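Each of the two complexes below includes chain A, the first together with chain B, the second together with chain C.
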Partner chain A sequence: MTSFLARALMLSTPLLFGATAEVFAQRSGVMITAIEGVFVMGAWAGFVGSYLSGSHLVGLLFAMLAGLLTAALHGWICVYLGQQQVVTGTAINILALGVVAFFHRVIFGVPISPLQVVPLAKIDIPLLSSIPFLGPIFFQQNILTYLMYLMVPVAFFILFRTSIGLSIRSTGENPEAVDVAGINVKRIRFSMVLLAGLVGGLAGSFYSIGYLGMFTTNIIGGRGWIAFAICFLGNWNPIGVLIGTLVFGLAEAVAILMQSSGTGLFPNEFFIALPYIITIILTITRKSFNVPASLGIPYNKEN
Partner chain B sequence: MESPYLEMKHITKLFSKVVANNDVSLHLGKGEVLALLGENGAGKSTIMKVLYGLYHADSGSIRINGEEKKIRSPKDAMALGISMIQQHFSLVPANTVTENIIMGNAHGIIDWKKKEQEIQALAEQYQFDIDAKAYVRDLSVGAQQKVEILKALYQQAKILIMDEPTAVLTPQEIDSLMDFVKSFAAAGNSVVFITHKLREVMEVADRIIVMRNGVLMGSLEKDKTDEKELSRLMVGRELVKTKRDEEQQEKEQADCLVLKNITLKAENEIAKLEDVSFSIKEGEIFGLAGVSENGQQELCEVLSGYKSPTSGTIWFQGEDITQSTIEERISMGIGYVPADRHKFGMVMDMSLSENMLLKSSFKPDWYQHYFIDKKKLNAYTASMIERFDVKASGPDDLARSLSGGNQQKVVVAREVDNGETLIIFDQPTRGLDLGAIQNVHETMFGEKRKGKSVLLISTELSEIFDLCDRIAVIYKGRIQGIYQHTELTTEKIGLLMAGYQEKKEALV
Partner chain C sequence: MNSKFRDLLFINALAVLMGLMVSGIVLLFLGENPFYVYATMVQSITSDRYIMAEIFVKTAPLILTSLAFGFAFQANLFNIGAQGQFYVGALIAVSSSLFLQDKLPGVIALVVVFLLTLLGGGLWGAFIGYAKAKYQASEFLVSMMSTYVALAFMNYFLRTFLLETKGEYPQTDPLNPSVWLGILVPNTRLHVGFILSILIAVGIYVLLFKTALGYRIRVVGHNADAAKMAGINEKKIMVITFVISGALAALAGFIEVNGVQHMLVQRFSPGVGAAGIGIAILANAHPIGIIFASILFGALQVGGVMLGQTMGIPSSFVEIMQGSVMIFVIASYFVREQLEKRREKRKLKKVVAA
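Moving on, here comes the complex of A and B:
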């Protein structure tokens, strides 16, 4: 039971990273529809960095850099060129898959067995990890999951207690008001996209070096989109997002459990599809959304 | 000579190739209220947006206390004590009053309690009845404007620019705004008041600058000029006010349109229209006054058939049309000029003749062997262009290529023709210049003389008073009362528009 819950929590980590990244970007008015591509690039660059250098730190840095560059492309097109965000993101997602598949083969050729790295180590927090039941769930995790614990309060604090948070929220609602207040709308939006790239890259690397210790091109398999959906379902709020990611983490853990043990009642494929089915059900049943009023609308003015 | 507090010299501003301001120079003294008067598109807002750093001038300079200043962004302007309230408010509806006011003026971690107290104290100091914790989306338009003013006060503005501040206010709110402007200026601050309304100018300004087509037409002391001179400078010619004809008053006419107990209410929401009853006679202009967003839009939608009322009945020439479709109503001769012509009136990327066809495309007249009879349609459109004096090169012009006033003429032309019996005008003159307004008003009188009924919905009181035979006032979806036009004063209608119910004994 504890190992099941610990795994659920672990699997929530990258989704929370991705969804929080979306919260910041979307609160400022930009949908990172390229999030799947950011995840893919992060996963691959993280793996390449770790494999070539033998250092996870280098891997994580590579992942952040790759996420940053992918998001920067998205941000440049959507914020500065004012292009349509959905189309741009879709194109970048396809591009990212192509880039990764191509360069992976260029660098590594076609190995007989998949290349492996050692996954990120689990770190036991002294004392806390020995709390019965809770300890093994919460305090025997890898560094990224510990980072996740910090992320929710920090994100909440920045959004709702600081002036920069106020500017971000206002930009997504009414960019004209922000402009008139003397704040640079495009700069805010582009910085949020870059931030989302950094965090999204880390999220992607979780799947390669944080968990599986290997890389395949379908490693993300739509989880970027799930993070995207969680941002909506969590009502653009870090706490809502936390709840959303825990649900999906649980669903993924169930899927893995069922694949190994099985119930006999349902085919395994059903459980693999579970997170995606939940996404659809929740999206349909969710009644009210506080969509940022200017989400997806480029800001342009003559001057 | 002592240099004035603020000087703008030889400002020229181009938008792509269109000249918005051409060599405009003006100055502003301490404690002065300067009115910037001109028609829509005269360049009043543009010159002030240059001062506020929202636009960058192509040439010219700005001096404050004789010192040349570069204003690159609103931030620079604010640092110099310049604040501007935009015509369309720059507020974030989803945020609180406090959040809106401190945005851009607070740094780092925000102590909400302390900020809220500061804002509340500031509001009280100016006797503004505003709750610092309220969400802006819950405030009336008048209160939102006070939030905008508080924002400027919070930034300790010395020069306050207001762009068409009275457009959305009731007469009482306008009075209190004027009082504020006067006392703010009396404290040594300066105000620039952008408007196209002569009456306001004469009330509040010390000095008046008139602009037309991006050029400064004159700078006049208020005491040495009058409304006539100002309107001539502003429009470029004398305007003859459209006169109503009073003769045919007394004849008792049959009812054309009757509304009985119309209610429109979505589930779990407050009613948009509540128990609305009135009737419009043949050959009558019936006015519906009220502050915008009090149910006018919904009433039009119910009348045109876009929405079905929750309860109540509509009779048109003795026939129950409550459940009739839009198409049936158009065929019956109901014309409708919507308030938002961009959204509901025209398709901007279609030609004028296609736009003329829009609402009667189901009629077989326009077809020959199942195809649109382009020749006939173009000839018809050309005749309408001629008749309504639309400035366009021909029926194939795109609607987008016309000015706002001419677009409106096209919609009016179509609806006047469609509306053989009744024409609904919702805010028909909003955003038009004086010439175009006159044109629309004359059309309304002309159709009335032909015996058509007209429903005029307007927030512009002068329009309501000038044109209507009878006037109803709407507030929060309820009719506050129906009056002969002679029965109402500006003050009384203002109170009704603000929701004060008339008590029979306490009649003014």
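Moving on, here comes the complex of A and C:
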């Protein structure tokens, strides 16, 4: 049971990173529909960095940089050129998948057995990790999961208790007013997209170096979209995102458990599809969204 | 030809060229000369009748998935789940074909399969449209997520009910030739589905631009408030749009199964939905433009396969080409907007001067 819950928590980590990244970007008015591409790039760059240098730190830096560049392209087209966000994201997702598969081949050729790196080590927090039941769940995790604990309160504080957070939220609600107040709307939006790229790249790297220790091109398989959905379902709020993320982490851990043990009651495919089914049900049943008013609408001064 | 349309053609062509140039850069990492590679590609896809026909074989499903996105886009709705509706269509087409092939004469069986596919895709789409209309559920989240559900369904059926008699691989038995779509050009794989998809594109054009329903769909897309004031039932339009959109994507599954593969296998045309979105953008969501843009993407895909066979270039190069062409085309919308603005200004100046 403890190892099952520990795994659920671990699997929540990248989703929380990705969904929090989306919260910041979407609160400012931009949907990172390229999130799947950002995840894939992060996963790949993280793997390449770790594999070639032997250092996880280099891998994580690579992942953040790759996520940043991917998001920058998205942000440039959506914020500065004012183009449609959904289609831009789709294009970038295709491109990212192609780039990753192509350069993986260029760098590594076609290896006989999949290349591997040692996954990020689990760090036992002294004292805390020996608390019965809770210790092994919360305090025997890798560095990224510990970072997740910090992320929720920090994100909440920045968004709702600082003037920067106020500017971000106002930019998504009423960009004209923000503009009149002398704040550069496009700059705020673009910075939020870049921030989301950094965090999203890190999230992607969790799948390659944080957990599996290897890379395949289908490693993300829609997880970016789930993070995107969690941002919606979590009401664009870091606390809501936390709840959503834990539900999905749990669903994913159940899926892995069921696939390995196999009760025979439900087919494996059901558990693979479960997170997506949950998303659909929640998207339909959830009410009273506080959607940022100008979400998805490019801002142009002249208009 | 009005100046707006001229801009569209000229700037799109430029964007496509630039997209191909930029994706050519990655070939340098393989030690290949991009110009030589592209020359080889053009030569290899035009040298042989069979390969040229392959371009149109690839084009046919792309036209349909692209229409699926483009049609919903006209109503300002995002159906980014065409891939899933494509799987649903393929699944229905293969199972109904397997069931009917011994019971009905070929042509009648095909008509029934066609109708069942339409129905299945339409219902799948109706669910998304209804969730949007009734519960304000974000249609692109629901459509995206339903793709993964459709994929799980397909894999489940391939492993169980539809598993081949040999039971070796997760795939179906081959279909009887009686339920194959007829071949158009002897000694190629080009089948009737290509003509069918072109006819459907024309039909969608007529529906959108020459009928009252199409007008309503476009009004809802252009200005939802105005639509409401004009007494258009916006919710009904949303559901109808998604029914048609889902049916279109499902048809792509039908023509791939009955026209090309003649069976259903795992990992079946994984990029057909996403490419459809790119094509719709390239064509400005116009049904007739979609035909030509699909031919371009079909040519890129066949070209990519040929490059893999003759020069050993990884197949992912196709995705790079498609992705960067899409990005340049999207960016070129900005250029067109600027040109349009400048033209308006000049017009205004002329009026003021006179």
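By definition in this document, the second predicted complex is superposed on the first by the 302 of 303 C-alpha atoms of A that agree within 3 Å, B and C clash if a C-alpha of one lies under 4 Å from a C-alpha of the other, contacts with A are read in each partner's own complex, and residues count from 1 in each chain.
Please note the rule applied: a residue touches a chain if its C-beta (ideal position, glycine included) is under 8 Å from a C-beta of that chain, and two chains touch if they have at least 3 such contacts.
Nothing here was measured: the structure is a model prediction, and the numbers come from that model.
Does the superposition put A:I77 against chain B (first), chain C (second), both, or neither?
Touch status of A:I77: second partner only.
One more residue to check, A:N174. First (chain B), second (chain C), both or neither?
A:N174: touches chain B, not chain C.
With both complexes overlaid on chain A, does A:Y276 touch chain B (first), chain C (second), both or neither?
second
Figure out whether A:I243 sits in contact with chain B (first) or chain C (second), or with both, or with neither.
Touch status of A:I243: no partner.
Once the structures are superposed on A, label A:L57 by its partner contacts, choosing first (chain B), second (chain C), both or neither.
In the superposition, A:L57 contacts neither chain B nor chain C.
Spot which of chain B and chain C makes contact with more residues of chain A, would you?
Touching more of chain A: C.
On the A-aligned overlay, A:V118 touches which partner chain: chain B = first, chain C = second, or both, or neither?
neither
Between chain B and chain C, which residues of chain A are contacted by each of them?
The answer is that chain A has no such residue.
If you look only at chain A, which of its residues touch chain C in the complex?
Within the complex, chain A contacts chain C at residues 73, 77, 81-84, 86-88, 90-103, 105-106, 217, 222, 225, 228-229, 232, 267, 269-270, 272-273, 276-277, 279-280, 283-285, 289.
Hey, which residues of chain C end up touching chain A in the complex?
26, 29-30, 78, 80, 131, 135-138, 140-142, 144-149, 151-153, 155-156, 159-160, 271, 274-275, 277-278, 281, 314, 316-324, 326-327, 330-331, 333-334, 337
Report the residues of chain A in contact with chain B in the complex, numbered from low to high.
Per the touch definition, chain A meets chain B at residues 161-163, 166-167, 169-170, 173-174, 176-184, 290, 292-293, 301-303.
Over in the complex, which chain B residues touch chain A? Could you list them?
15, 52-56, 73-78, 84, 86, 88-95, 99-100, 102-110, 112
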